[in-house]
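In order of appearance the chains are A, B, C, D, E and F, and numbering begins at 1 in each one.
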Amino acid sequence: MPPPSDEPLADDTLEQLRAVSVATVTMQLLKRGLRHTFIQGSRPLNPQHARFAAEAYTLRTVPMREDLGTLAVLADPEYPQRKAIEACPPGQVLVCDSRGEQRAGMLGDILTTRLMVRGVAAFVTDGPMRDAAAVAAIEFPTFCTGSAAPASLAAHFAVAVQEPIACGGVAVFPGDVLVGDPDGVCVIPRGIADDVARTAGEQELMEEFILERVRDGAPVPGTYPPNEATLKAFEAWRRDRT
Amino acid sequence: MPPPSDEPLADDTLEQLRAVSVATVTMQLLKRGLRHTFIQGSRPLNPQHARFAAEAYTLRTVPMREDLGTLAVLADPEYPQRKAIEACPPGQVLVCDSRGEQRAGMLGDILTTRLMVRGVAAFVTDGPMRDAAAVAAIEFPTFCTGSAAPASLAAHFAVAVQEPIACGGVAVFPGDVLVGDPDGVCVIPRGIADDVARTAGEQELMEEFILERVRDGAPVPGTYPPNEATLKAFEAWRRDRT
Amino acid sequence: MPPPSDEPLADDTLEQLRAVSVATVTMQLLKRGLRHTFIQGSRPLNPQHARFAAEAYTLRTVPMREDLGTLAVLADPEYPQRKAIEACPPGQVLVCDSRGEQRAGMLGDILTTRLMVRGVAAFVTDGPMRDAAAVAAIEFPTFCTGSAAPASLAAHFAVAVQEPIACGGVAVFPGDVLVGDPDGVCVIPRGIADDVARTAGEQELMEEFILERVRDGAPVPGTYPPNEATLKAFEAWRRDRT
Amino acid sequence: MPPPSDEPLADDTLEQLRAVSVATVTMQLLKRGLRHTFIQGSRPLNPQHARFAAEAYTLRTVPMREDLGTLAVLADPEYPQRKAIEACPPGQVLVCDSRGEQRAGMLGDILTTRLMVRGVAAFVTDGPMRDAAAVAAIEFPTFCTGSAAPASLAAHFAVAVQEPIACGGVAVFPGDVLVGDPDGVCVIPRGIADDVARTAGEQELMEEFILERVRDGAPVPGTYPPNEATLKAFEAWRRDRT
Amino acid sequence: MPPPSDEPLADDTLEQLRAVSVATVTMQLLKRGLRHTFIQGSRPLNPQHARFAAEAYTLRTVPMREDLGTLAVLADPEYPQRKAIEACPPGQVLVCDSRGEQRAGMLGDILTTRLMVRGVAAFVTDGPMRDAAAVAAIEFPTFCTGSAAPASLAAHFAVAVQEPIACGGVAVFPGDVLVGDPDGVCVIPRGIADDVARTAGEQELMEEFILERVRDGAPVPGTYPPNEATLKAFEAWRRDRT
Amino acid sequence: MPPPSDEPLADDTLEQLRAVSVATVTMQLLKRGLRHTFIQGSRPLNPQHARFAAEAYTLRTVPMREDLGTLAVLADPEYPQRKAIEACPPGQVLVCDSRGEQRAGMLGDILTTRLMVRGVAAFVTDGPMRDAAAVAAIEFPTFCTGSAAPASLAAHFAVAVQEPIACGGVAVFPGDVLVGDPDGVCVIPRGIADDVARTAGEQELMEEFILERVRDGAPVPGTYPPNEATLKAFEAWRRDRT
């Protein structure tokens, strides 16, 4: 596998990305020819705790098999699901593939609380969570497909951390940058995250201006996307704000 | 295609339909032999802004193809998605087929705001919306399957307005009457909308009476559906209210 | 079919089960080798009214056929859907298979109100409800897959009560014990309900203790699952509370 | 449940139905307002052994639960799956619901051979078969969704015979008449089977004539459906053949 | 909608495309950045009659509604489904959207025979056919998702010909070039069909050479894709054949 | 991840497994409590070339992303898809996860031919193949979900070999034993393969005897499963054959 970029991100990339919407980020990715970056089906359990931008720490699973998925594995600190909880660096987002499986919850309130206490930025998966009401009450962004009470062992067996995974139909490599908001989560390939962050901020400012105009009665043609007159008006508006 | 009725609706049809539930309307349609009238999977983003009744203005799409779905088309006022936003008459509902596709949002907050400013009655589709939290905050009924951040061009290419479309597994012809509430949206063939509106009001009144009775302890048999004694009691109750 | 146990439940079994989460109950069932006990896709319409534990009274349906599903059947008190509403004993939960069908709502506000008035414990199905906003406002636990306005006759024909059914991918026998909370509903085979109730209470207490520890900064290894030191601390904590 | 008709069928009904296609039968049912009669997803394992018409003997299942689905039940002659194999009357078709479940095969070559030896007319289910290649080699119509090696106990628990069931999205009542050909299987409500058989034969003859005409170059309009001139030509053709 | 190219195709484009596989054509399209060109789920009923290349004539449908889908419409020569059968020019392929609906067959043996008699090149849809065994016996390429006996009116209502449609998840515009083989059908945007045809022939020749080498024991690296040495060997092989 | 057993298999284990059906093997696994061992949806392209038993060599993929899935990677001998083709040891089966994705074929005739030439035992995936008709003509067991012409790069990006994978809803670890026949493929955890092979042979012999009896008119009860009398007759039959 071609190694994903491991260059450090620019200092303000994550901060910039926290200030823009996922809709804006996916538009920036589409402009660069990337159409498969939005994690399908994963939504914030609590839309009040949805906004984050962070580097990905990955956890990978395969389907449960009765000979492997015994309760004993949970006591093994090297069992990858438990290991990921302790090893995901503060400030990063733990992303886990549930392979679309809806019959078991990946984490419950105890493990999610541990992530929050450790300063992890968010948790993202393409399956459900257990104790979902309790998890939603934690001040911590959790993205999933809903709730299912059975423990992860009922359907999953964790096999590794920090490998590329499939999540919600898109690829996630360790170190990719994930951005979340109430719409869901998208993945920015690490190598272009700095550039996306910069242009996303520009786009967001423009859309704020456009939305103002539309509220004031401007028609869509000429406004969105902006023609030359609108661009000129935008530049004036921008100068006025500062 | 047999032309849908283009007779004007009776003056109070839409007003009557705004006062009844979609459950009531679908029962009236079932009584007329119509079993396929409820748009599958489309729900109000904000249940507080769900109730509407309006004539349908349709927008049709096909799957995106990389040679067609370039960002340049968005600047073309004749691109049907943009055209529909400006051309849907005030008081009508804009209905758009997403062909069940969940990977891209059909509209975001800017275009939805424009619809609201223009006095359009509602927006209905069988796919997701972008910026769904922002759209939900607009005082405007929006029905969809949830949220997805990517722009419509990531998955759709709009091809026409005012053609018959498939939406959520049911047919919608321009001029059909759509009724929405928190349960979702159903489609009344235009030619029977006046008649449905009148009988729906009758049924709703009856059900208000029945619900009162059931709250007071009446058993279901004889009450719902009503037998002769209950019908007589209903007539009395009805006289008393006026 | 092997008769399900019809031994009476221990006096406090249902009360104990109302005090624990569905996540806890499914873990107890997994420990006994039962991996298929959580009803897929069914969630409380109102998470504030989700918690219940009760014996199952079942209603079974088959797909609608136009010759059978006429409106006339609704007036027949022996039509199983209507019969179930009047016959489900107070304190029991009415469980109905919708066979995953999403096009029609199984009950609306009138029949749900009748169940509440009669003292039924809850209603559970693997399809949608009609008038879902009105039903959610009733103080009564209702579990379903969402809302659909068409009446049940548009898609279902009820054929029997008190037979084993499939609901959300799991078997439900009359007399099995169902437990619900915001995560959803699980099924306990009647013969082991007393035992599950007792051990579930133990587990819940332990998890309360563990969650406290994790909030205070304890790492997962050694804490969850607990090692000997944690178990000793738990015993001390337990003594202190009483 | 309203009892299905239990009047005996006319003597030649089944024979007439064996001579017509399922496409023809479903058209006759559509003319009588019945749109939900074709079992979805079930196809003949061997298209050479697909044609049958017979009264339905039903077998009903629910999802497997580990406490019930033990291998011991297979030795119990009263276990409904085994009972059905011995009790389905010769000349009738055994129909079994697999609830769309694709993970286990309902029967294998031993039980299918027993059905054939006993003179049963056919086997129909909406899930897969085991040993499907061996089953396909038996001279016996078997309709299913494909092959899956695991035994039925891996996913199903049989609960009753001769109850109404759901199969492939349609209702099947004991005594309904099923007709199969390479397209699949449809269900005729018993009460109208005699009438459908008679008119289906008429339609089939007409379509044989129409197909001949179309092969000879006749355009569709006026031919299919036939106008008066074509009807007259049909009557002449019919007289000539006899 | 941006008009698809209506330039005439080069004289030998269709002939060249009939000589190459769909796998080759999709690779040529991928090289031009087109990833969404293969019609999902549609396979030849008879793999012996699968190979074709032709310009698309389109037929569009919406879901059946009981008030529209009466048997009477079939007698109307202007009903689009019947009109398409007579109007699709010889040598072109009739493509029809079934919107993924599996409950009804789009055409049966009579209408398919008419297409064959009229010299139409093929029929393609993303739903099933009726009388599928009889249709498979006609010497005419028919691509569909399988068999379903009910007539199209049970699920579809045809609304137009020669409009852009969605078929199997991809866009088809009138005049696009469709190519079929046992793998299925892909769509070439008309404007690039000449160019694709030319390079596809080149690729096919190269792959014939590579396959020969691999059969003789050549390893994949250096052979597929070819390195300079292999390219040189290919040129020699090519000269030798002529 | 707990290391799968890497003990060598007994000498005749694979040979014994080649002589039994997958139905028999899954029954042996069910007797050992393993219910999730059959790869869902994967069938032999050519039922004449379906029977194999071999150790698994795994290839893992994630969803395509436009920045990674360029045609250039195919020339890299270290690209895992190409590497697996050359590195899978003769006599082993190459198993690859397609994550259920149906839009692209994992291999075509060139790479499959290379596997055959190299003496690989079989190829198994849970998605489609390209050039499926050509692949079916190769004397080599290929299991997949059907055909799709687009190259794997249109939907997949290969990331590793010899890691645990999910395939058709079940876990496959490197070194597990896979067995295929016309029904499909099942996975035997390596550590129990010797034992399963031995008892599977026993079961198969018994079923051969039972099938003979059933053909001769024996009823199911007492025969299948066998009671003491049948077991005694089996022992006699067995002695007689040798």
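Everything below uses one rule, namely that a residue touches a chain if its C-beta (ideal position, glycine included) is under 8 Å from a C-beta of that chain, and two chains touch if they have at least 3 such contacts.
Bear in mind that the values here come from a model prediction, so they are computed numbers and not experimental data.
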Chains in simultaneous contact with chain B and chain F: A, E
Number of steps on the shortest touching-chain route linking chain A and chain D: 2
Interface residue overlap between copies chain A and chain C, same or different (over half shared): different
Chain whose Cα centroid lies at the greatest distance from that of chain B: F
Distance between the centres, which are taken as Cα means, of chain C and chain B, whole angstrom: 33
Centre distance in Å when chain C and chain F are each reduced to the mean of their C-alpha atoms: 39
Multi-partner residues of chain A (each touching 2 or more other chains): 35, 37, 169
Full enumeration of touching chain pairs: A-B, A-C, A-F, B-C, B-E, C-D, D-E, D-F, E-F
Residues of chain E that touch chain B when the two form their complex: 1-2, 33-37, 61-68, 73, 80, 99-100, 157-160, 163-166, 169-172, 189, 191-192
Chain A contact footprint on chain C (complex, rising order): 21-23, 25-27, 30-31, 35, 37-38, 40-41, 43, 47, 169, 181-184, 186, 207, 210-211, 214-215, 217, 219-221, 224-225, 227
Touching residues on chain B, where the partner in the complex is chain A: 71, 74-75, 77, 82, 85-86, 102-103, 105, 108-111, 113-114, 117, 130-133, 146-151, 153-154
